[in-house]
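Please find one structure pasted underneath; my questions will follow.
Residue numbering begins at 1 within each chain, and the chains themselves are lettered A, B and C in the order written.
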Amino acid sequence: MFGIQLIILLKLYTMHYTIHEIAQILGGKFIGNGQERIYKLANLQDAAPGSISFLANPRYQKYLYTTKASAVIISQDLEIAQPITPILIRVSDPYTSFSILLQRYQAHRDVPKLGVEAPSYIGEATTCGEGIYRGAFSYIGNQVHLGKSVQIYPQVYIGDQVEIGDHTIIYSGARIYAGTQIGRHCIIHAGAVLGSDGFGFAKQQDGSYSKIPHLGKVILEDHVEIGANTTIDRATLGQTCIKQGSKIDNLVQIAHNVEVGEHTIIAAQAGIAGSAIIGPSCQLGGQTGIAGHITIGANTAIGGQAGVTKSYTKGSAMLMGTPAFERKNYVKSYAWFKQLPFLAKRLALLESLIANKIKM
Amino acid sequence: MFGIQLIILLKLYTMHYTIHEIAQILGGKFIGNGQERIYKLANLQDAAPGSISFLANPRYQKYLYTTKASAVIISQDLEIAQPITPILIRVSDPYTSFSILLQRYQAHRDVPKLGVEAPSYIGEATTCGEGIYRGAFSYIGNQVHLGKSVQIYPQVYIGDQVEIGDHTIIYSGARIYAGTQIGRHCIIHAGAVLGSDGFGFAKQQDGSYSKIPHLGKVILEDHVEIGANTTIDRATLGQTCIKQGSKIDNLVQIAHNVEVGEHTIIAAQAGIAGSAIIGPSCQLGGQTGIAGHITIGANTAIGGQAGVTKSYTKGSAMLMGTPAFERKNYVKSYAWFKQLPFLAKRLALLESLIANKIKM
Amino acid sequence: MFGIQLIILLKLYTMHYTIHEIAQILGGKFIGNGQERIYKLANLQDAAPGSISFLANPRYQKYLYTTKASAVIISQDLEIAQPITPILIRVSDPYTSFSILLQRYQAHRDVPKLGVEAPSYIGEATTCGEGIYRGAFSYIGNQVHLGKSVQIYPQVYIGDQVEIGDHTIIYSGARIYAGTQIGRHCIIHAGAVLGSDGFGFAKQQDGSYSKIPHLGKVILEDHVEIGANTTIDRATLGQTCIKQGSKIDNLVQIAHNVEVGEHTIIAAQAGIAGSAIIGPSCQLGGQTGIAGHITIGANTAIGGQAGVTKSYTKGSAMLMGTPAFERKNYVKSYAWFKQLPFLAKRLALLESLIANKIKM
């Protein structure tokens, strides 16, 4: 027991780079003494000496002048208004650069899970690649294939005939129904459900509903991330498909037979109804709703809480409202919506003027 | 291991009906050679020879002329504009007919789970009917009763004194708190939570909140389906009740003491606040919100993302907007909302005309 | 087996207070015979003789005249219009008083869980206080600390280096990622996920997204309640923090680096985007959305489904709409929104009058 704690302590206190080394890793430029050691990454507001921070969102620029960070990663173009304490490492994209640094520190801190914890359940005809982790109380059905370095956290459920690609991580309590296919380098967060039945019922003459069986599947291509407690339903027939590189936040609903294009970003609590097709490189805001059977073109940006009820296939649209239409028009209409009581007064005034005129 | 794979292969390749047999099953009519064998069900777009498809939504009619399906189930009334390849089986309700066929193929493909996997936990004074399945790592508390042919998937949690009716299926990781009553032929999808505490707190004079204990329960009548990660809170006193035949999609919130009437359909991410009463045969769109303590009459249809803040007891209303009102009125108001900048211009023009008139 | 049932039967039938005793517990006043025994708590509508009920919401006053309850807790100021059967216990805050009574009955009915069920998993260097419960199939990682009387229900997941304060209850299937800190007297409902990665990605030049590692944590202070299937993401750096006494309902999304102030109430399906700061004693309605990086002042009330896109730091605001603005103004604008077709007609009429005038 003591051994583990000691190792972690040692790691925390021995992991560091000098400012000079960090600039080299990031291909960035700095002026000053690069020999200071950086032990920690921190926000500008919270940083202590020995920490490095970054500035990407202009909203936080005010903290640049008060931060106690030893170094700050900033844009090569940013002009500094006042004298400041930290050494500035200038790069082309501070957010990406800081992210690279985060990856370095994370790799140092978090050892990948490995091996098989007991008890865990594994079915018949199931095969596993090298270097996998299977946590305690995880359940893996029959005829499943796990690629190499797959990490299955405790209490995960994997139904029969599921395929999971190399280096994919499935966090605790995610549920993968039978027949689902997951690509390589995917991350499935805790409590996500993939492959539950689509919501399809045929209304009967007595008013009751008869369940439509769902025989299709869910497919996730490579580099897809699925947020905690998100649900993705299996297709009636064919597949519900999340294409390569798409990232889906927490508590999102993806209905049966939906297709999400490559590199599309879907924020928390968005919902996409059955058979909708979302193009590549779209951005769906939080709590957006997309109606069933419609098509959204590439690069479309949908504002938070918007409800899209018809297809926008041209691409690069920016939408807002319920039912959604072009954002720039929505913003104008909404500005007048706020003025409606005033508009109504002006109208009433005109009416009384005209009425008087007519009397005269 | 090899045995299982072989049996599945054999089943996949031996399950088939002829077109003639399918027409008989569905009570449908067709013209042509009914002896061709159908091995697969598919969407019109994806179908290969040897498949049967269906056409219910007119949106997809264009695919009828290009599909490679060997047969298609269509409405007895549909007129066909162009010559087509597949044999048409004409029925009164293609969606229901296709659903019957899906059930046949599913029954053939998916053997119901049976037996007890180890390790699993079962409490004292708990009784089980015949033909049940209890998956590994499932937890069943004390004084529970499971009816016959109940399927409890791995990692399900069932608290004390729960009752579950015959033929009900509870998928992996669903959580049934103590005292919940579930009817026959229900389906509870993965991650659903039934019986968590209602959200009730009494504000104290110091600004803190004191928890209201929730001593009531959740009752699901027969033939109810609950979607993945949906949450249904227990009543403060009495019960939260989902009546017979109602179907609830994923990620829906049903608060304490709510009553959902028979054969009501609730789409994903809808939320119903405490003590609301939803009538029978209603349809709630995705992401709708229903305020607490209100009553919604029978056959009410609520549009996606609407927020209903007062009772509509007459029944058969169609509602939209937040706060919601009659859909036909909302649609008209929203059309003018889009025109607001133009209305404002027209008003300003009139004002300047009148101003000039008055000067004159 | 028989023993347990007998004890429960005995408890159900021996737990009672007289009306006189209840009035003493609550510091309330009543007129009449206080010797009648009260065995049950019930809603006014459902109450049978031998039950006590309460009236706090005026909406339910009509049931006061028909209830079969033996006693009803009501406000000391409420005037009674008609003669009624039950004995009235008059108190200053009926809701809080009834809640105290609920706590008494609950404490009698529900024995706290205790001990360790097998199999369960516990890592290295993990320490537990006295009087804890660890349910079957629960997983507790390395270097975790559980305070005294902590209850970990079956199938809960607790990652490495988590700290959980005294008397906290974690219901079945909740997932606590590594590094999370939970205070004392907290309640975490089934399926809640604490500490999943924030939703942060840096867009690359080829259109793909690179994951931002999240090295921060989640902190819950004392007396916090988290609803079923709610998700709270860990911070990029630093912490996502829910302060003392805040109560969060089911299916809520709290993004990375959010801060929720003390005694704030967040209703179901609300979502708060990254780095937003919510002040103390706020009330967020169901399905509300809060944009990232904004600040909401103390005592702010946000109506259901509102979408707040900019900071409201003054405090005590009441907001509505998307984008949200002051509720009283929203209500006025929305009243005119409903009248828009009529306003448009009036405008058109004026236009035609003016056109005629000009012609003349």
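Note that in this section a residue touches a chain if its C-beta (ideal position, glycine included) is under 8 Å from a C-beta of that chain, and two chains touch if they have at least 3 such contacts.
Predicted model, so just to flag it, every value in this text is computed and none were measured.
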| item | value |
| --- | --- |
| Rotation in the CA alignment of subunit B with subunit C, degrees, nearest 5 | 120 |
| Same-site or different-site touching of subunit A by its copy subunit C, using the half cut | different |
| Mean-CA-position distance for subunit C and subunit A (Å) | 26 |
| Residues of subunit B engaged with two or more neighbouring chains | 119, 137, 155, 173, 191, 229, 251, 269, 287, 305, 337, 339-340, 343, 347, 350, 354, 357 |
| Subunit B residues touching subunit A - in the complex, by the definition given at the top | 1-2, 4-5, 8, 41-43, 46, 57, 59, 93, 95-96, 98-99, 102-103, 105-106, 109, 117, 119, 135-137, 153-155, 171-173, 187, 189-191, 223, 225, 227-229, 245, 247, 249-251, 262-263, 265, 267-269, 280-281, 286-287, 304-305, 334, 337-341, 343-344, 347, 350-351, 354, 357-358 |
| Contacting residues of subunit A [partner subunit B, same complex] | 119, 121, 124-125, 137, 139, 142-143, 155, 157, 159, 173, 175, 177, 191, 193, 196-197, 199, 201-202, 204, 207-213, 215, 229, 231, 233, 236-238, 251, 253, 255, 257, 269, 271, 273, 287, 289, 291, 293, 305, 307, 309, 322-323, 325, 329, 332-333, 336-337, 339-340, 343, 346-347, 350, 353-354, 357 |
